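A, B, C and D label the chains in the order they appear, each numbered from 1.
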Amino acid sequence: MIIQLEDKIKPNDRNNVIEVIEALGYKVTEVKTQRCNYLIGIGKREFDIRKLGNQAGILDIHRVSDDYKLVSKKWKVKNTVIDLGDEVYIGNGELAVMTGPCSIEGEEQIKKTIDHLVENGIKIMRGGVYKPRSSPYSFRGLGIDGLKLWYEYARSKGIKIVTEVMQVSQIEPMLPYTDIFQVGARNTQNFNLLDELGKVDKAVMIKRGISGTIDELLHSAEYVFSAGNEKLILCERGIRTYEKASRNTLDLNAVPILKEKTHLPIVVDPSHGIGIRNHVAPMALAGIMAGADGIIYETHEKPEEAYSDGQQTLDFKESAALNKKMKEAYQLVSNW
Amino acid sequence: MIIQLEDKIKPNDRNNVIEVIEALGYKVTEVKTQRCNYLIGIGKREFDIRKLGNQAGILDIHRVSDDYKLVSKKWKVKNTVIDLGDEVYIGNGELAVMTGPCSIEGEEQIKKTIDHLVENGIKIMRGGVYKPRSSPYSFRGLGIDGLKLWYEYARSKGIKIVTEVMQVSQIEPMLPYTDIFQVGARNTQNFNLLDELGKVDKAVMIKRGISGTIDELLHSAEYVFSAGNEKLILCERGIRTYEKASRNTLDLNAVPILKEKTHLPIVVDPSHGIGIRNHVAPMALAGIMAGADGIIYETHEKPEEAYSDGQQTLDFKESAALNKKMKEAYQLVSNW
Amino acid sequence: MIIQLEDKIKPNDRNNVIEVIEALGYKVTEVKTQRCNYLIGIGKREFDIRKLGNQAGILDIHRVSDDYKLVSKKWKVKNTVIDLGDEVYIGNGELAVMTGPCSIEGEEQIKKTIDHLVENGIKIMRGGVYKPRSSPYSFRGLGIDGLKLWYEYARSKGIKIVTEVMQVSQIEPMLPYTDIFQVGARNTQNFNLLDELGKVDKAVMIKRGISGTIDELLHSAEYVFSAGNEKLILCERGIRTYEKASRNTLDLNAVPILKEKTHLPIVVDPSHGIGIRNHVAPMALAGIMAGADGIIYETHEKPEEAYSDGQQTLDFKESAALNKKMKEAYQLVSNW
Amino acid sequence: MIIQLEDKIKPNDRNNVIEVIEALGYKVTEVKTQRCNYLIGIGKREFDIRKLGNQAGILDIHRVSDDYKLVSKKWKVKNTVIDLGDEVYIGNGELAVMTGPCSIEGEEQIKKTIDHLVENGIKIMRGGVYKPRSSPYSFRGLGIDGLKLWYEYARSKGIKIVTEVMQVSQIEPMLPYTDIFQVGARNTQNFNLLDELGKVDKAVMIKRGISGTIDELLHSAEYVFSAGNEKLILCERGIRTYEKASRNTLDLNAVPILKEKTHLPIVVDPSHGIGIRNHVAPMALAGIMAGADGIIYETHEKPEEAYSDGQQTLDFKESAALNKKMKEAYQLVSNW
């Protein structure tokens, strides 16, 4: 059960509402986000909703049968639009495109990539400065200094930044330079990180776990939302299966299923989803047809020289062509 | 190594060629299909290809590094087109659509479905008369009589038939009434069935195994081809994974990967691939974007009354709308 | 619902019983096995069991809530013992050991293997004469002649034979020379093969599908049982997962779960289950601890020269040592 | 390449060694653990090992072809023994048993569990005070206060504590009260957490990821070791597969494979591995046969009243019986 409270509800009224819900046998969690105050009631007993409805200070009451509550479409039918400022949106009825290299490598690379984005009307740049690597001896990214450098150039051209945060202690230093905090596939169930990202007023994009279920992804989003942050995006990036002809198995089924279950925007990552450069473009288009609100893919001036993920990275020419085609595809599916 | 022989090669020349290849340490399999005679040489020793090239009766020689040979794109760059007669093709640059019910249920249902196909310009009807069922107590299909009835109406309207064959003994009785023999996901590695289907002059569509790899699917096709039948179609229909929010995980990655590896046409089955009626249409469109030559999906006048698979079956109105949209999508991707 | 009928029930009484059950809204399947006559009623309506109980000709009535019926432990609490003749049993409270090569290769190999079995008190020899191979160009086994040769030597030493049957047409020729028909992992859901194996009076061992569920394995057994053959054994041989450090993932969880669900004996195949020679022995012992009634593993005089599966095959010395240790392990778990 | 340095190597000699290695084209990581100083060289160029061998200050040089280095058995053939103090060991040739509840619930429960351990000669108690929960609305554990309470009773009875740490900030407060830090299956690739655990002088037990590979588990251990902590234990706890008859698929194949690849002790968790109370005991025994150095399982005075995981928790009577049987099984396999 989700109870939306009036903004200026009196403390006394608030306590009264909580008392009534608890008396019904519900466990109450108080949630305050950028947008609204909520009470989440977890319980199963049937009751007469009018008992609650006439309490002072209540805006609205929603019964939600899903285990996740705040991210469910059952109470919020209208899709969430993420506003990144400067008229850059995700989920507003236009295709959101995010591209850039796997790793931020240096000034030259940043500049060239941003030029490519600007030329093609792309507003959001991806890139890693903290890289999760399975071996401790691999390149782990340029860190905060790389991010600052990147931010400087990006802002000067009106480009927004999406980049991965790996741990709680990185949030604060990254905050001024990040538009979208990306939670990587290995951290989808790093609940402490999710809790802390609930406290910032920046967008958060949660990637599906390496073998995460759709349901777990929604619960991870519920962590962030219930900790106070409604600016959430979910990302399908492929799951781990027995099939080894592709890096991951891009589960595009997840797109229409998520669109039915949640009001949050859905982004597809075909680069990690298939892991083969030649096949990134068709999978990006397939993602759009499946219903994605946005596509995130890897591009680099010279993929064969990229520090990481070169095998699944488009060059700028391929990226430009894909970008054009994606718009046509999005157009086609929007008229449906 | 694939050696294409001249049609009228003299028996003596043929034996000479075989002798030379075997002398090179290769194991030889003789293949005679509807289209051509081949010798397949399996071995690894390097040799001077001119030793072979000047033998009498040889049309062409191809080295193929893949484990599968005849279905590989490495020797046959031009895509295979399946000609079903009456100007019905698969893989000829137009989208091939196959639709119909899960199970053939009776005359009334056959007629209504065929009317639906004719109205929408669809040329191939799917339907099961032999149903593989995990429980022995479930409905197992109308059998050969159902097929005959279906064939009568289909032919009168110029509609082609794709239907599942479950065992060797069914092939002969089904032969006159079947245009495409479908090998189901549980039979992808029923090698005896594949061997026998290699001996008929009808198209064969092999579905990917329930947890079959892309490589295994190609090897299964190699069975049919090397037994004499080149009229092959491959079908992605979803794989089994840990994710239970959908019936299967439709692995659209398989489409561009298969298109790169083989010259055979690829069909996508979004009905089994996601298993949720509301989401069949977006996944069909996604399949087209991924590069499919055809789409097979389930439709029924009244899905809720279908003998089987009603939960993933479109009604005729949904089917007509999807059919129209699929053509636009195929158009968009063809211009790419 | 399972209704056991009296052996000499009068046709009239039989018809009366069927009529009553059908009147209750149940679909009836008549089953006649080597041991008993049954009626299987599939339906859900609640009814007063006394309505049935006083019908003439009924031995017993069992409600079975599982979807599979005859293989369920819910009606037959006592475990099934397979009697292969000559005092060779499976499931009788002693560990059943089956060993031998992957493929039967010839007289010499047969003799030496049988000598090894005799020396170690092993009564059942495994070996393939029909080999399912993913490539059509691989060795497919010695066929029926190999089986006859093998049978001759085996019988002279009192050894029983377990070997794979791949298709319906092989059953009849194999019948006189086979003690246990093995259904391979690729044929677990070859329902026509299962149906036909229901008609023979020989034991049948069904391997779990390559990615088959425990539930599907039980349903496959139900096919054979309901077609008339109670002499059934189930075999866990590893499933396909993302993990590639082993050939398959031996799912020993399946052993206690199956033992709880069915009265049929359970055999574990550690050779295919892990696919690494050095690790076959510990996994065999683990299988026994998990509750297996028998172990099937591959052995060969010279594993490195075996036609197939050499990488997972024990030599005779390793086999002898394992065999001894397995008996100790079985002893330990039997006293539990 | 691993270079073990002399304890009192002169700074100058150390720099010389590093210079030589880097000159060979190797990237050097300096590692200082509780036990030794190492240099890890990552590179591929072949070189004459004598060029290094005669440098001052070098104890030993090992080439290690695995991607992970310090945890590999290729350089350290003798198995690692974890010494927890008070003569409690893991990996010393006796079975290490860890048991206790899923969640620490309070004083009464702690006392009773410790009594049960003492009575049965079990030295290590498991229990969670920080609980990773997929829903933010679930019970998340008693936290540090629960740990302190637990520690007080445990120490008074000589019992060691293994408990999960979920994030970096918990390490310091937990340190005085924890004998083994457990890294849970959702944190196996939380690289920052692993880095930090490399800095403490307490044992760390890393659970395999929910769908983690064996290789990833070894790399995660390499993180901790290369950050300075050699006191490492690996735990197989089941992986996620398509099979839903059990909570997870306990991959006992991993045990002999890990024992061959690494010198670290291996523990098996049958409670999470199968998730069904009745079947925990056979899977524990199976784990021992597979080669485990220890078993961790859940026990509770009244499993049906446990805050969490009751369905897979043994009561004290079952636990005592299992403990006795495990010793016999370990004995049997040790004599092998």
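Assorted remarks:
Here, a contact is a pair of C-beta atoms (placed from the backbone, for glycine too) under 8 Å apart; a residue touches a chain by one contact, two chains touch by 3 or more.
This structure is a prediction, so every number in the text was calculated from the model and none was measured.
Compared on C-beta pairs in contact, B-D and C-D come out with C-D as the pair having more. A centroid comparison over C-alpha atoms places B as the chain most distant from subunit D.
Rounded to whole angstrom units, the spacing between the C-alpha centres of subunit B and subunit C is 33. Averaged Cα coordinates give subunit B a centre that lies 50 Å from the centre of subunit D.
A separation of 39 Å divides the Cα centre of subunit C from that of subunit D. Among the residues of subunit A, those in touch with two or more other chains are 211, 240-242, 244. The touching residues of subunit B, when paired with subunit A in their complex, are 211, 213-215, 239, 241-246, 249-257, 260, 273-274, 276, 278-279, 282-283, 285-291, 325, 328-329, 332-333, 336. Looking at the complex, you find that subunit B touches subunit C at residues 27, 29, 40, 42, 67-68, 132-137, 166-169, 186-187, 189-193, 195, 209-211, 216, 219-220, 222-223, 226-227, 240.
Residue ranges of subunit B in contact with subunit D, taken from their complex: 211, 240-242, 244.
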